[in-house]
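Here it is: the structure, laid out below.
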Amino acid sequence: MNVVACVQTVLVLLLAPLLPGVINRTKAFFAGRQGPPVLQLYFDLWKLAQKGAVYSRTTTWVFRAGPIVGLAAVLVALFLTPFGKSAAPLAFGGDLILFAYLLGLMRFMTVMAALDTGSSFEGMGASREAFFSMLAEPAFLIGLVAVARVTGSLSLSGMLANVSAETWLRVGPALVLIAAAWMVILLAENSRIPVDDPNTHLELTMIHEVMVLDHGGPDFAAILYGAALKLWVMGALLVSLLIPVHPGVLWKNGLMFLGGMFLLAVGIGVVESIMARLRLARVPQLLMGAMALAALAMMLVLK
Amino acid sequence: MSAGMEFGLVLGVPLIGAALSILLRPPRLVLGVLAAIIGVEILCAGALIWPIVAGVQAQVAWSWFYLDALSAYHLAVMMIIFGLSTVFAGGYFGEEIRRKEIQDWPVRKFAALWCGSLAAMVLVVISNNLGVMWIGIEATTLMTAFLICVHRTRASLEAMWKYLLMCSVGVACAFMGTLLVVASARGIEAGAVHVLLWTQLRDAAPGLNQPVLKLAFIFLLIGYGTKAGLAPMHNWLPDAHSQAPAPVSGMFSGFLLNTALYCIMRYTAILEVATGGSGWSLQILQVFGMLSIGVAAVFILFQEDVKRLLAYHSVEHLGIMALGLGLGGLGAFAALFHVFNHSICKALAFFSAGRMGQIYGTHEMDRMQGMLRVNPVWGLGLLGSLLALIGMAPFALFMSEFQIAMAAMNRSAYVALIVFLAGTGIIFVGALKHAIAMAWGEPKIPVRASAAGWTDILIVAGSLGVLLAVGIWMPECYRNLLWRAAAIAEGKP
Amino acid sequence: MLLDAVFVLLILTNLILLGSSLLSASIRIVAVQGAVLGVLPFLAMAPDRLGRVLFLAVLTVALKGGVFPWLLNRALREVHVRREVAPLVGYSVSLALGIGLLALAFWLGGRIRDIGLGVSVLSLSTALFMMFTGLFLVISRQKALSQVLGFLVLENGIYAFGLLVVVNIHWLIELGVLLDVFVAVFIMGVAIDQISRAFDHMDVDQMNHLKG
């Protein structure tokens, strides 16, 4: 484990809550509003961390474990995520499977905690979350496997670092398809429009926000922070895939990567501003479309 | 007269007829002109066919038109069927014009499309170019689609849509097959062989890429098989046959199906030459034949509508032909013999059913009883043709079916034999029940008065007479022609 | 890679078609597909046949990208239907089956290439996938117009296959084939019009008088 990678990871831990801030500012800009400060999430986290938590008597340890295990899982996933073209602190052959499973574990714990409350409202959100991620996960994994196949590496750091201009010339169409599929999944998994609306808790069609209604204080802070990290790790994969050059120099790589992340956040904000949320019945179709894109990419690289 | 000019005439005359049908107005005049045009057409075709019967190997023009024993035979059957149907159509629509059940425009539309589909079928049979052959088949689909709904009812529109869609899709598959055939010639020096010409393709067949060719044949069999009404692609057939006006049904069953089967024969020839007579393509054809016989046997038992009954008979008989072709040798000979027998018999059956339908005002067999008393001529026609269809001796159909059974026996193809005998046996029993009730039962509903004219008597007596005569005695030149045609279909020199 | 991108584009049009419920949108997608097909002759053929390629390309784009959509749009306007309301197979399931068909097409494409056609697997698979998609649409959609679209996609697939695999076909044949397809679509358009007048709709599922 090298020092540079650790420093980079710490940097990510600090920067991750910026992403939602950038997204919100972009949306505010499109709506012609001032918008919340970019650092809003930091303030929220600080405020929540000061508070105590209240637990319903119907809940068990599962409810309390949910946010903590979720945050822990995404933290480990972060240690597997490369920083642009520079390797992650932890990288070994096959870590992409572990990565997918860690995100799965996080989702599982969130769902379990939601079910543990016994509230029908949260159960509804949980079932939707489970159903949609059932469709999103295969697409995500197929994309990962396709990239692994193209680059000949089985670790996240290795394969994303190997994506070069030459790769893009060779299998450009496939990579575009994978990027498109991942973008859809990124939006779906991080409860963004057009799948979910992160702004409101009380609509009957909510998915993610509805599951965490009963959490408060530090638990909710863990959830919010975990969500920001999840957005970061998934975005990092996408950005690393899209950067076609390996700068070699550390600061260039960092600059490119962070710039890419910033652009991605702006991009998400734009998508959220110009699109309406899909009807719930159309969401599986969207995810199935993402799966089709990933599958097509897979077949393109396999042939 | 050169062969090229004759080919031109055979194609051109129906097109002129189509144009005249649209230009002329009075429906009776249109029908008269139609009869005259078909007459001229038959003469032209006769001039083309006769040398082949007399022993000439093939007539060729510009290498795109080609007529050998196989196509000459089919052209002859087509002319006979079109001749019969046109004469009958005159009477059939004449009756409707008299009753004012039909407007001017449908009659003209019928005549134009009739000539158009004749031209398309002629194109299929006389073209040496497999691509043109495909174009002709697709053209028959398009031409005949609106013939089904000359009487525009919901049921006929439904039948037309099914026919149009299924056959278009099927024929598209056949086009894929045609392309694959061309693709199989990749290894052969480009330019040396014009790969779509059947004659050149057959001569070059041993050098073709066999796996690709086999794949092509499967596509072709499914594609043209759809059009030929082979099970399990036969679904459109009962609907289209039952909803079309009787002359059209007769033409459909009498020759449209055979046109598609003819295309398959052209390809079995190439396949057999290419695979060195392995019989691979023939075996597949056998399977489809058996399937068709089986499916028809099951469905015939539950039919209530006489025209649907006849339509399933078509599925059965096309299956018998496919089976016979698949058996090869005597089987192929008998299958080709069966083409003529079935066409004449089925055309007569549809004509009779159509006329009796006009008289009874229904096609339900339960209500069409006592035909022999109501209208002896057409009643006899329906009874006779039904008996012939189910294989009663001594009609010609019995002879050809008997020969196919013999062929199966000779080749020790016992599965085929069992399926064939069981299928025809079931159909015999199932259809005989209907035939007897319809012929001798008591008329249950009041019927319209009708008299049979001399053309009617001629059609019925002529058709049944020919079927009987050919069943008992076969002219030598006919037998020769059939053997030559069978050899071509099997790819033997 | 340019050729690859064209094929991917063609495959994507099929996938969109499988998931699209709006008939007018479907017509537009088929039009795009037809126009993209017009590009294929340039990429797939030898440059020494430029005149022929140009002729084919212009004709293809004009017919498949212009005339067919126009005909279908006219039929659509006359029958006052906007959506494929209740397909036999839902859109998500259609897409899932589409993925399966895609895999099948790639597998078959590989097999066919192996038996001796000198073209890339991707091109063969694309053509096959278009055929499968067309066939699937014909079978699973209830509106007559959707079925015609399916037929067109099937035809497009075969056409693409022909362009890629077969180069030395007489131009008369190609002309005849295009003419046949044109007439087929025209007649189907007329048929849809007549059906909608007789039935007050163009749902094929209510065409159930003829059975057995």
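So that you can tell them apart, the chains are marked A, B and C in the order they are listed, and the count of residues begins at 1 in each.
Basically, a contact is a pair of C-beta atoms (placed from the backbone, for glycine too) under 8 Å apart; a residue touches a chain by one contact, two chains touch by 3 or more.
These numbers come from a predicted model, not from an experiment.
If you draw each protein chain as a dot and join the dots that touch, you get a simple line with two loose ends. When chain pairs are compared by contacting C-beta pairs, B-C ranks highest.
Central chain assignment: C. Criterion: smallest distance from chain C-alpha mean to the mean of all protein C-alpha atoms. Set against the C-alpha centre of subunit A, every other chain centre is closer than that of B.
Between the Cα centres of subunit A and subunit C there is a gap of 38 Å.
Spacing of subunit A relative to subunit B, judged by their CA centroids, is 65 angstrom.
Measuring from the averaged C-alpha position of subunit B to that of subunit C gives a distance of 31 Å. Chain contacts: subunit C has no residue touching two or more partner chains.
In the complex of the two chains, the subunit A residues touching subunit C come out as 169-170, 172-174, 177, 284-285, 288-289, 291-293, 295-296, 299-300, 302-303. Residue ranges of subunit B in contact with subunit C, taken from their complex: 129, 131-132, 134-135, 138-139, 141-142, 145-146, 149, 152-155, 157-162, 164-165, 168-169, 172, 175-176, 179-180, 182-183, 186-187, 190-191, 194-196, 209, 211-212, 215, 238-239, 242-243, 299, 302-303, 308.
By the touch criterion given at the top, residues 1, 4-5, 8, 11-12, 15, 19, 91-92, 95-96, 98-99, 102-103, 106, 109-110, 120-122, 125 of subunit C touch subunit A in their complex. Note for the complex: subunit C touches subunit B at residues 112, 115-118, 131, 135, 138, 144, 147, 151, 154-155, 158, 161-162, 165-166, 168-170, 173, 176-177, 179-180, 183-184, 187-188, 191, 194-195, 198-199, 204, 207, 209-210, 212.
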